[in-house]
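In what follows, structures are represented as structure tokens.
In the two assemblies presented below, chain A is common to both, partnered first by chain B and then by chain C.
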Partner chain A sequence: MQRRMTWKEFCFILPLLLLVSVFSLYPILSSFSYTLFDYQTNNQAKNALYTAATLNTMLYVEDCDYLVYYLNKDIPNVDESDRATLTALVDKLEAQKAAYANSEKTISLPAATDQEISALIAETEQVAQSYAEKYPTLRIVTKSGQILDEMKTCLISSNFIGLTNYSRLVSDDRFGQAVGNTFVFTILSVSVELLLGMALALIMNKAMRGIGLVRTTALIPWAIPTAVSALIWCYLYDGTSGIVAALFTRLGIIAAPELLLTTAGGTMFGAILADVWKTTPYMALLLLAGLQVIDRGLYESSSIDGAGPIRTFTSITLPLLKSSMLVALLFRTLDAFRVYDLIAVLTKGTPETLSIYAYKMMIGQSNYGYGSVIVVAMFAMVALIAFVYVKVLGAELIQE
Partner chain B sequence: MKKMLAILLSVALVLATTAALAEPVTVKFAAQADSTPATQAVVDAFNASQTNYMVEWVDMTNDSGAMREQLTTSLKAGSSEYDIISMDVVWAGEFAASGYIMPLDMMLDDAGLNVADYNAGSMASGNYNGKQYVLPFFPDLGMLYFRTDIVSQEDAAKLIAGTYTWADLLAMAETYAGQGGTTTGFVFQAALYEGLVCNANEFTSNWTDVKGGLEIMKQFIDSKASPDNILNYTEGETANSFVKGESVFARNWPYQWGVIKSEGTITTDQVAVAPLPGGSTVGGWILGINKNSANAEGAFAFMQFLNSEAGQLIMSEQGGYLPGLNKMLTDERIIKSDDRLSMVGFQNALKTTIARPVSAEYSKVSDALQQAIYPYLSGSAEIDATVTAVQAALAN
Partner chain C sequence: MTTQTAIQPDGPDQHRRIGHVFMWALIICFICINLFPFLWVLVTSFKPVGEIYGAETAFRVIAINPTINNYLTVVNKGILHSVFNSLIVSGITTLYVVMVASMSAYIIARIHFRGKTALMSLILGISMFPQMIIVGPIFNMFYQFRLLNSYWVTLAYSTITLPLAVWIMVAHFKQIPISVEEAARIDGCSQWQSLWKVIFPMAAPGVFTTAIMTFISAWNEYLLTLTLNAEKDFQTVPVAINTLRTQFSILWGEITAATILVVIPTLAIVLLFQKQIVSGITSGAVKE
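Now for the complex of A and B:
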């Protein structure tokens, strides 16, 4: 029986809604807003989301200070007649310093102020040029160029660029490669995990002596933190001293022991193997939970009807396990799709997956605008994967 | 009565002043853990030398990539958590462009210090838009280590004088590999990380001969002159191989001299140092001041102390660090404590230093260079495409 919620009831869930909006919606929305700006923290003209003309007062005052400092050093070195010009310039710069010294780090910049500052910069350039011949060693002549250029960058215009970041994504080969790597890693690791996990779950489901011990041991790889297990695998794969690398070379799987950590194919294989080792128990555990709720009576009646083990598996176990499989696959696929820690520790970033690429862009290169686009693209892909799973595998699940 | 009051007041005033003096301002110094006692000794010496400031060393992670992230996160948020910041030479451009650190020109001038008196490479890497942002912490440079008990005297003389090419070194590495208990010829850093950029910088003579330099680099990798897994070598593997006597030649930083002394199966008598054919990449660390610091004067006083004769002597004697103050390179006390500086090859290497590209987006440039060079070295890209990619990365 559905009925409309009363105000009083709504008040009870209000805290939940508030928490959801603060902790989920706000980060998502701010990530989206980053993607629309040329937002780079290593550039003072782009280190925030500027929607209107802004003045970087902190840098502007510092630059004025530098010019004053140069001019004061220069004044004793010029003729009496030229001193007035330089002193007048110093006074103007000092006035600017005083005007902005105590304001916020960045303030909004009206067109009139913009013109005033630009005029002052032009005047200083003019002075520097006019004295270049007469006094080639003056600081204002030799050193002011870069300072004046920097001063121009204090006049910040909006860095809103709309969808430009997205169009860059389309033509970015490295992004395409990262998508490819991520899908290869996800599909291969999850399918191998599903097969092995199923086998493991079927064994663990049998009532036999010592099953508790089997279940416990099987879970050990999953209990080890990923960073630690990645480090263990890193030693095992090492070209000079790694036992796994040596073993694979003996068996002829790889041509030389050092290839596992140095080549594109080798690192992909190594990362998948390490991931399979670690997460197969998790997959098995989820499937085991599904297996245990299947009614024993079904197996009894099928064996009375004369069904063999294969028929039993395909006709009873698989269909009844479908919902557990969907959950297990969905969890594992989304997990594998976002893989970061394993690869970051194992090879410091190869194969480059989407998470690694986004991390390198944002933290490594301080490019939050473009990095956020990669994250948003990942978000879209994750949503798509979840959608496909539910559509293909779980149509009836939703209906129930 | 009035007199009594005056006396009481002045006593109170004196007491208050001494109380204020007794509590020096704390200045936080963010630097990596030091395996030598030098950094702590300099901090202690500075704290003992005056009463106004108390420098407190904040230990940072030894993984420099992680340290940069930790610093940028703190600085981006406008924190004044750290006053003095120790930076890898390649970070200064970015930190200055981001407005995280303070320009020092006026402080230098007031203190009567001259930029030209300090290590040129270190100072240049902290000069952005015409402003000087840093003073040296300790400079570092790439150099060639070789085994004097294996290499012939004639070849050794050529190496020390620096009158050899990479091709000569390749030939020598192939000849001497396997002699005197070694298993390989030349070890260097070719793994996919910053070290690859330092090495490629030297192979290509500061990017003047990209094609030739990378080709000879690949010849080392493909030939028997270098180990099969050289593409996985960082400084750690390099030092390990050389100090265990497994290789005849090694490209590494000055610290390897100390490793040979402390844990080598070979001794320093069997080793000499030479300049590299394409020049020595400058590395090391530099000091800057957080722009949001409330104790800039104290921070600068410490940096000045570290770069004074007294500070440099402590850094050299207790830590084996190279002096950042040029006149100390030839100072007798330093040469006495640092035997490397008495080597002709070492002094020669100091004369041929080259910088990595200086950029506000250095990590982007470095990343692009690594992505361009590594596939060629590991055999999955052609030289012409690689050269184009390297040029594009440098032009950025």
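Now for the complex of A and C:
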């Protein structure tokens, strides 16, 4: 029996919708909007999204007032020919005072007014400079510097820059490097995990006794917080007291123990090894679940038909395991692609993957605009990867 | 002829035996590699500082002068407070996520409505996108409402925990026959009552799996806490343990001792609830 939804039933899913909107959808949309701005939280003129220029009218009027006062004092002290210039300037400043005296504390301006005000400030500055030699004692020459600087901060221009951040991304070598690192890490770690996980799953599927013990030990690395296990590996890789580093040097895998945490190749290898250690068991459990639903009768009949173990694997196990394998691969790929904790803790950020680069940009350098572009690019790549997998899966995932 | 009959029953048997030995060797190998990092951390945690760094003693399995000083130091540094924080944050997350997920899964499993497929796709999509995309805006949001450095971070955990929770719950609620609910409705239960008094208890295994998976992923969360709760008083385990590593020195003795302490709750959960965890991991992976 399927019923239609009433408002009462809608209330049941309302909390879900609220949480998803506030903590997932809204932040995603915000990140997209950040990409269009030169948004830097450590810069006072850029620490919010200004679609239009804004003016701090109170301060601006006050500053105009000061300038008018200085100019009026100065006018009697200059030549007849220069008086006209100064009087004209006073008139302009008075007009500004009148225009903004009664408006709100901060207002947003149309683009034309924005330019008008900047032009006026520039003009005043120029007058002050050009008279500096002729009349070194004028108030407008000696005292206006500070006022003008303050006036400039009253006017915050729009930091909307359209797609400039995106074009910067295209020519950013560091971004290209991060994309390369992320793909190398993802592809290598996921394929090693698939191979080892498959072997482990096949063994666990065969072994009847002892499977409980294997399963328990398999769950431990998975259940430990990545940030903690990365710290453990950091100790094992340590150049002076790390046992894994010492062992690898002894075995000739690396030339010297300190290389695992200091060189580009070493850190990549180390990160992949730590990731493989942590998630292979998870992969194995996913694949094992797929193996266990395969009808045992199929194996019996294939062995009666004389198929060897390899033939059985390629003709029965693999095809029937395909969908669980793809689901496991999809989740592992996306998980590896957004890797952050592991590398951030293990080496404090090398090899620099996309997440690491984005986090350094946003939180480290407070450059939310450009950092968000990196994240949005990641988002697009994740969507593409998911799309490819789902195409292969034939939308089995979302089906009821 | 006689030699053949003597060998034939023996041959496959011997093959099988070699196969068995090989398989068990692999299994033991796997278990050793899996557990080695922990055992080594355990070994190190009892070593005095001099032995951890000494060239001769760094790789000894048993410390020459075993000590529990490392443990005392990290306890004094307040590592247990971060365990407490983690318990609070993960506990609250589990409670509200299980409630919200049950309510929505009940509707999704039982009622036909427009946009249901879209809703499920959206939830699946959320579990896939890179978490990094929400960090900046969430930080701004928490900054604006003055929620930084507080337990409110649990609400932000919904992004990483809710999708899986809803997914598991829907699968379990669907298995409960609709006739049970109809009987409850005839007996005068409202929808609210039939959810909490009939469906929810009947789906207890699924609820339990959801709760454990939610708890573990909240316990392991690093990125959001790192960004939103920079203050020591509100740091959870994954963040707090990394602050033991200072810029100039790495105190492995303290770090290993802290690791052992903070890993105990996780180990307890794994040992007690491994069935539920395996079911949680594999739900959705296998089509029935």
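Here, the second predicted complex is superposed on the first by the 272 of 400 C-alpha atoms of A that agree within 3 Å, B and C clash if a C-alpha of one lies under 4 Å from a C-alpha of the other, contacts with A are read in each partner's own complex, and residues count from 1 in each chain.
Keep this in mind: a residue touches a chain if its C-beta (ideal position, glycine included) is under 8 Å from a C-beta of that chain, and two chains touch if they have at least 3 such contacts.
Model, not experiment: these values are computed from the prediction.
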item: First (chain B), second (chain C), both or neither touched by A:258; value: first
item: Contacts of A:282 with chain B and chain C, given as first, second, both or neither; value: second
item: Partner chain in contact with A:5 - chain B first, chain C second, else both or neither; value: second
item: Partner contacting more residues of chain A (chain B vs chain C); value: C
item: First, second, both or neither for A:240, with chain B first and chain C second; value: both
item: Touching partner for A:296 - first (chain B), second (chain C), both, neither; value: neither
item: First (chain B), second (chain C), both or neither touched by A:218; value: second
item: Chain B/chain C common contact set on chain A; value: 238, 240, 363
item: Partner chain A, residues of chain C touching it in the complex; value: 23-24, 26-27, 30-31, 33-35, 37-38, 40-41, 44, 52-53, 55, 58-59, 99-101, 103-104, 106-108, 110-113, 117, 119-126, 128-141, 155-156, 158-159, 162, 166, 178, 182, 191, 195, 216, 219-220, 222-223, 227, 237-239, 241-242, 245, 250, 252, 255-256, 259, 262-263, 266-267, 269-271, 274, 277-278, 281-282, 284-288
item: Residues of chain A touching chain C in the complex; value: 1-5, 8-9, 12-13, 15-16, 19-20, 22-24, 26-28, 30-31, 34, 199-200, 203, 206-207, 210, 213-229, 231-236, 238, 240-241, 243, 246, 277, 281-282, 285-286, 288-290, 293, 323-324, 327-328, 334, 337-338, 340-341, 344-345, 354-355, 358-359, 362-363, 368, 371-372, 375-376, 378-379, 382-383, 386, 396-398, 400
item: Chain A to chain B touching residues, read off their complex; value: 41-44, 47, 58-59, 62, 65-66, 69, 143, 145-147, 149-150, 174, 238-240, 256-258, 261-264, 348-350, 360, 363-367
item: Contact footprint of chain A on chain B as seen in their complex; value: 69, 72, 76, 94, 97-99, 103, 105-106, 129-131, 192-193, 227-229, 231-232, 237, 291, 360-361, 363-364, 367, 371, 378, 380
